[in-house]
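Note that the chains are named A, B, C and D in the order they appear, and that numbering of residues resets to 1 at the start of each chain.
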């Protein structure tokens, strides 16, 4: 299990007319944070995908407590769990610059061959990086 | 309880380099479908918001079974449940033009006063439309 | 030269905290309108791309006169010009439900082979559809 | 005239099925780069807007030379020109990590009162920061 923190500055285009980050945007933030956390353990997702493995999302659950606002500097905490078989669980917590917890989320991804989308286990050399 | 169906054509910009609709986009599709389902029971969300009530999202849960592809003509089925107190539950099922079930989701929203974001119950005249 | 009109309902997520459709979104609207206008002359862009031809954007120019608002029902008028060599020009005009002109745009695309991104002329059978 | 450089890492969700950053996304990148360049001269756009002034976009022109790809680390160069009356011109150049020029753009914005969207000149204290 690894825990990473990644900062994201909220863009103007990501806020809706309530002045809040639109709820759809967090999946994009989580993806950026997940990519950077993987980079932190030596996996560049781009190379990963170039090597013929993709990671489609199996499920996404977000619980919102408070909205993020334009220009907020968010801290996204990612918890990477050890993959189990074809699956890999990520947990997220989003906080703003005042350390207020904005939302929590879990996302389950799985490993699949890019060529035919067949689910697959991660090769040992990649698995060992987790 | 009301059930509505809404068609959405997948846009090019909504697909990622796997050729799939990006998982973040479904929250936007669900919102469009929800808006149209509310219009179907006589509630224009724009007027709703102009009258001083907003509906922030409390939680979002999506389970993905199969990806939507560019130019797919999706059918989003929305189930509107009767609001309970300040909360309102929506369920979604997305199917493609081959009637394959792509994903299912639940979303919990709540009613709040726009002025101060205070949770509130829906006025009777609006509640009666559900 | 062909002229098509396509209706798009503004989504909540597409509006920023000024309450306006974010200026980046029009390129997505134009793409949807262009796709539907091509469908109108018998070209499904998806099949087009599956056949090994892509149409990257070469330039985009938009002049904004008035903002579109949430829930507006926009009319996008697309003018398809006859391709000249590898290039193809599209013009757009966006109006709202009150027939107010919101913006005008021109977009130049070119035809390229998907395999190696090499610019190419359109095969005669496709060119004849314009 | 000020020149700023801002780095942006391309997100997965921003790439289309050609594997390219979708052309609509550059307007979002330019906005982020513009915000950071204004921060560099002591103007926080959030405070600016909170003080009752907004900056709608008047025109946007982009010329694309080469596509950005997933995970590219882009360098966006912003040239801020001295505002003239109600208008303000920004120029952009996007390069990738190999210093290849991907696109160039100009964007004209204007200053307006948030309350009634009336065009206005910038107060001297803000104008002096340019």
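Just so it is clear, a contact is a pair of C-beta atoms (placed from the backbone, for glycine too) under 8 Å apart; a residue touches a chain by one contact, two chains touch by 3 or more.
All values derive from a computational prediction rather than experimental measurement.
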item: Remotest chain, chain B as reference, centres from CA atoms; value: D
item: Pair of chains joined by more contacts [C-beta pairs], A-C or A-B; value: A-B
item: Chain centre separation in whole Å, for chain B relative to chain A (CA means); value: 23
item: Whole-Å gap separating chain A and chain D, where each centre is the average of the chain's CA atoms; value: 27
item: Length of the line joining the C-alpha centres of chain A and chain C, rounded to whole Å; value: 32
item: Interface hub residues of chain C, defined as touching at least two other chains; value: 12-13, 18, 22, 24, 27-28, 31, 70
item: In the complex with chain B, residue positions of chain C that touch it; value: 9, 11-13, 27-28, 31-32, 35, 44-46, 70-71
item: In the complex with chain D, residue positions of chain B that touch it; value: 12-13, 15-19, 22, 24, 70
item: Footprint of chain B on chain A - complex, ascending; value: 17-18, 20, 22-28, 31, 49, 54, 56-64, 67, 114
